[in-house]
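Below are the structure tokens for one structure; questions will follow.
Letters A, B, C, D and E mark the chains as written, and numbering starts fresh at 1 in each.
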Amino acid sequence: ACGGSDDDDAAGGSTPTGSRGSAVSAERCAQNEAAGRVTYVTGFQYQASASILDPIAARALGYFDDVCLDVEIQPGTGETAQNAQLVAAGTAQVSSIAGNGDVLVNVANGVDVKAVAMFGHVPVATLMTKPDITDLKQLEGTTLGQKGALPVTIEAMLRAKGVDLSKVKQVVVGYDPSVLVRGQVQSLTGYKSNEPLTLAAMGEEVTEWNPEDYGVPGSIATTIVNPAFLADHRTAVEDFLRAQLKAYAYCEDHAEECVADAAELSQAGYDTDHNVEVWRTETGLVDGSLPAGQVLGQIDEAPVRTEGDFLVQMRQIPAVPDLGEVVVPDLVPSLYSGGELVWPVP
Amino acid sequence: MSTEPAPGAPFVAVDDACKTYGDGEKSVRALAHVDLQVPRGRFVSVIGPSGCGKSTLLRLVAGLEEPDAGTVRICGRTPEAARAAKLIGFVPQVPALLPWLDVLGNVRVLEKVNRPAGRRGSRRGLASDPVALLTRLGLGDVLHRRPGQLSGGMQQRAALARAFALEPQVLLMDEPFSALDEFTRESAQLQLLDVWQDLRTTVVFVTHSIAEAVLLSDTVVVMAAGPGRVAGVVDIDLDRPRHHGQLDTAAMHEHEHRVRQLLETAWNPLEPSGRDVA
Amino acid sequence: MRGAARFAHPVFWLPTVLTLLVVAALWSWVAAGNPYVLPTLPSVGRQFLDQPDLYLTNAWTTLSEALLGLLAGVAAAVLVAVLICESALFRRGVTPLAVILNVTPVVAIAPALVVAFGFGMTPKVVVTGLTTFFPVLMNTVTGLRSVDRHVLQVFRTVDASRLDVLLRLRFPSALPYLFSSLRVVFPLSLVGAIVAEFSAAGAQSGLGTLISVASSNSQLDRVFAAIACLAAMGSLMLLVVTTVERRALSWHESQNRR
Amino acid sequence: MSTEPAPGAPFVAVDDACKTYGDGEKSVRALAHVDLQVPRGRFVSVIGPSGCGKSTLLRLVAGLEEPDAGTVRICGRTPEAARAAKLIGFVPQVPALLPWLDVLGNVRVLEKVNRPAGRRGSRRGLASDPVALLTRLGLGDVLHRRPGQLSGGMQQRAALARAFALEPQVLLMDEPFSALDEFTRESAQLQLLDVWQDLRTTVVFVTHSIAEAVLLSDTVVVMAAGPGRVAGVVDIDLDRPRHHGQLDTAAMHEHEHRVRQLLETAWNPLEPSGRDVA
Amino acid sequence: MRGAARFAHPVFWLPTVLTLLVVAALWSWVAAGNPYVLPTLPSVGRQFLDQPDLYLTNAWTTLSEALLGLLAGVAAAVLVAVLICESALFRRGVTPLAVILNVTPVVAIAPALVVAFGFGMTPKVVVTGLTTFFPVLMNTVTGLRSVDRHVLQVFRTVDASRLDVLLRLRFPSALPYLFSSLRVVFPLSLVGAIVAEFSAAGAQSGLGTLISVASSNSQLDRVFAAIACLAAMGSLMLLVVTTVERRALSWHESQNRR
């Protein structure tokens, strides 16, 4: 009843791949197989986000098979702290978490995971208003809708614009973004790749206020691994990311096909059109924010520290954890040679 | 008073009543073509073998069961109308007290529920003083005990007091003294006769004691079972007031003997295996 | 025969149908004014027509989680109730634990559940079991104690074993209470299963997953189609319990029709 | 048989037993210094005013209540041990049937619960054939009816059959015939005497009928109330077997008279207000 | 007096304390091995010591939501139970509705709740009320019907009004059932309030909000400190119900001590 890794039909992607182990040496294949089944927990279900759709596609395309990995993909609930805890406990080996900030908060609270990759270099959160709001200052004296807690990036943005937060009434709203359109709230937090798309699909026009425009740091989709697993099976982690990155590239060109793979996996109803939009939006954010000279997926201590300092400043964590213990900066670059993903692996 | 029936008409009239419990194969014919006419102010005892339908007949009169055929009239009305007019007092075969109320509360709750009867204005001592009533029944010391803390006979007396306090026009009593010793029973009987005479209440009284039936009643109705029917009627034409000293008189014995004979014929054919074992 | 005839009679189904019609009318009126809050009924209906399989398979997942959870939860509750009833020490020891389990929100222990029971069906069954446990426990305890004093005395005079008193006396006496709680927890088990699907990682299917996915996409019609499935299953479960109860408790006052 | 007490010792012995219900102000002294000695195989009736503690005494013997002072012994053992040895059969004052079982089921369930008693091996017809037992009690037609579908007297007979079927060494009966008509009662009495004689059962029998007590018993214990105590003991030295024909003999009347006198003195001081109303 | 003395006696509290000690020992053992799943007990304790105010104020918010919801839910349930018991038509009409309300996940109707009740405390009270409604309803219905046949007959012979039968007969007869359900819903109301804070609109404080924020930050010590608050409140509520029950039902078999 778990994962899709048992049904081999799912591997029938449109690019035919070689047989098991075709992309690795026999020795590396044996090392990867020694890792056993690798359980990957997604951020939220099989939504077509970065670090969800790409591993799904990697499985469907047979890339994991090619590198001798036995990967099981489990849908997450959207509560990324749970992902961190599952990885730290060893119930899952690899997972995706919203961004570096979330990693730092979890680590600061004692959850022992290592960050091996990240995708976007901008915050994923956004603040939506109706077009009549032209200055964030106007939000004072109005109601702001959020999903349980005001994202720190949004808070920082508002503070940066000099908004007195004590004058903004915050309420928790459900999943339904139409509270904004109906005027029950004057601003609403959301994910760039979700609510704005939904509202757009409804034909509603909204203004997005993005924290990065106000110098607020952030990130999208950080990959975390169990430290012991990384120590014991580093090649497996490497080749997991290798396959994921290869699939990422493939899906950038074949969004519909990859989303179809995810749709097939999902038994609980799947909005294909919406998810294609989600994927396009997210890859746009990821690609658009990739710093020059870096490879996709690369995680360095510097941006993580920036986010860490920011979180300390926002009183989210008492101090930045020892990043040397958290961030594994050299893993992703080692997957590339001359800016190209190494595939097959010698 | 609006409760007066047409002159000469019986106050309680059961006409050709039939009652069958359940349906299909499992049905039980409890009563078949039972007639019972009780003129106003009469004291009628019903006696009969266990299971012959005495309680069923009483419930029919009280309107607690519908007859399958035949009619029941109280003072010319349906039992429902009679209940609505607060004419009926009912003492069931089990005490049926409210376990969460004490003895006094159990007597008072029914009075309260029966309130419109108070409008008759004819209230005498009885209802207005349930404590005295209970004391006369020997429950003066246990007014504030709950049913669960009473002996069987005390519970029965509490149920009795509850019915007396209603001062009903028709008093339907189902073996009300069965759990009482001879002397307590005598005292309760006297009190019943008091109520009956003072209020001109019509009484239908189910009992298993032939002596009691003869001592108290104007008429004894003997029922037979299988299915329940009236086996005979014995009129007790002895002077009133009667007293327990009369119990050993020849006239009394004569009546008792007639009732016993009727009862024996009513009983015998039913359980042939019952008596020959000795 | 009579049972079936009962269902067919208008007196039986007409009030239900009428209420549902009134609700539908109200619904349509609200939905017309607030399209973002309630989907229109036709759009919900279309969901079923377009993808009956989707709802059937997900409903089946949730139903099987709910039923397994019920089995576990009711069995555990009855067992603990028996122990509580037989020993005051046990009662004082176990009651606080039961309360703790009862008030702990699933979302808080979801990671622990997944760690303990894996990604499969087990954590959902456990959550459902926990949801159904407490109502059954409380009612069964009262029921096991509500034994007629005199009958208990008769049993005691023949030195009936505790087991005999339990099985032949306490248990039947507890049935009216047990069934009352079953009428509560049969529908409630669906809520347990759904909450588990919402909050524990590894939910691939089930109406809870469907609602979660659909609501993240603001697909109101889908959310409410799933709720309709839940309501139908819940009503059916209630009907089953009530029917069994009617037979099992034919001797009890509570089943008297007036 | 291990149930034999020391020769000469009473089979049922209540010594100086006191029982108070509740505590504090609300306490009720139900029994004060009650002695009762019943030799093996004796038939003892207990009679006394309602509320004097007869049921309490019976429950004390059955070990259903603990005496506050004094001791109870059955065959030299505590009531608990006697129960464990399956010596006791108990007919409570209310039928106390299981509402979910039919009549036959109600008789059988107690047999099953009492199972080890079967090991005595002495089982005769009674227990092995509850249907015959029930038929003799006039319940042959209602074997498969539930208590709720029975008349009051039928329920009482079912409870009686249930106790008989246990074939106990001590039979404790609390007004077991109160809801039966004269003839059904006679038949049940005969069956009780059968059981008693065949099994050499020791019987403690609570009744309100003086005639019944005298007719059936070897000894009649008269109790008085306030608090419950033994007011007197009457030995009935009439020949066995007795029969209902004897009811009107002088010897019988003589005994009845003595019991009645004792009872009257036991009753009179209690409820002084009870009799002077006429 | 006797009540207070009862609590002070070791037989009363020792089993509870012992169980809690055993649980604590087990807990510590698991927490040592899986610090990501369970926080250590000292760290939970430190939470209280460091920020007692935080927990007190949030607990108060949740408690007041729970109590208001209880009031509304229990009142509504008893009312509907009376109507159901008095009219079979009403029963058939209203039962499916009750089931629908019972199985509808709060998260799904959160938007509707906002529209209907705004962002204040009302939607939480409504959700709590809905949570407590069904168990009380089901038990009260059975209870109102479980009236001794003979007593009912006596009432009918004096033509007792429906209201009198209800208030003086059915209602007291239903009390053992009602209290059983109250023992369920008093702690359950806390869960209702928390779920409402999780998913319904406008929660700014309350233990649910605290748990939701803390668990999304993996602040396990804070999550479990909040759960400890919930458990304490739930146990206290249960104790209150049980104490009241003991007095109100002193006449009922279920309160017999052996």
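Definition applied: a contact is a pair of C-beta atoms (placed from the backbone, for glycine too) under 8 Å apart; a residue touches a chain by one contact, two chains touch by 3 or more.
In UniProt terms the chains read B, D = NitT/TauT family transport system ATP-binding protein; C, E = NitT/TauT family transport system permease protein.
Remember, predicted model here, so these are calculated numbers, not experimental data.
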Worksheet item: Count of steps on the shortest touching-chain route from subunit D to subunit E?
Response: 2
Response to the item:
In contact with subunit C and subunit E alike are the chains A
Worksheet item: Where is the C-beta contact count highest, in terms of which two chains?
Response: C-E
Worksheet item: Measuring centre to centre with C-alpha atoms, which chain is farthest from subunit D?
Response: A
Worksheet item: Cα centroid separation between subunit B and subunit E, in whole Å?
Response: 49
Worksheet, complete the sentence: Taking each chain's mean CA coordinate, subunit A and subunit D are separated, in whole Å, by 83
Fill in: Centre distance in Å when subunit B and subunit D are each reduced to the mean of their C-alpha atoms
28
Worksheet item: Taking each residue of subunit A in turn, which ones touch at least two of the other chains?
Response: 79, 81-82, 85, 89, 174-176, 178-179, 182
Worksheet entry | Of all residues in subunit D, the ones touching two or more other chains | 93-94, 148
Worksheet entry | Where subunit E touches two or more other chains at once, by residue number | 34, 36-37, 107, 111, 115, 148-149, 198, 212, 215, 252
Response to the item:
All chain pairs satisfying the touch rule are A-C, A-E, B-D, B-E, C-D, C-E
Fill in: Contact set on subunit A toward subunit C in their complex
1-3, 39, 41, 44-45, 47, 74-79, 81-83, 85-86, 89, 91-92, 174-179, 181-182, 194, 198, 202, 265-271, 274
Worksheet entry | Touching residues on subunit B, where the partner in the complex is subunit D | 21-22, 28, 47-51, 53-55, 93-94, 135-136, 138, 142, 145, 149-154, 157, 174-175, 178-187, 190-191, 194, 208-210, 241, 243, 260, 263-264, 267-268, 270-271, 273-275, 277-278
Worksheet entry | Complex interface listing, subunit D residues touching subunit C | 59, 62-64, 83-84, 86, 88-90, 92-94, 96-100, 109-110, 112-114, 117, 146, 148, 162, 166, 172
Response to the item:
Interface with subunit B, subunit E side, in the complex: residues 148, 150-151, 153-161, 164, 168-169, 172, 175, 251-252
Response to the item:
Within the complex, subunit A is touched by subunit C residues 34, 36-37, 51, 54, 57-58, 61, 107, 110-111, 114-115, 118-121, 198-206, 209-210, 212-220, 222
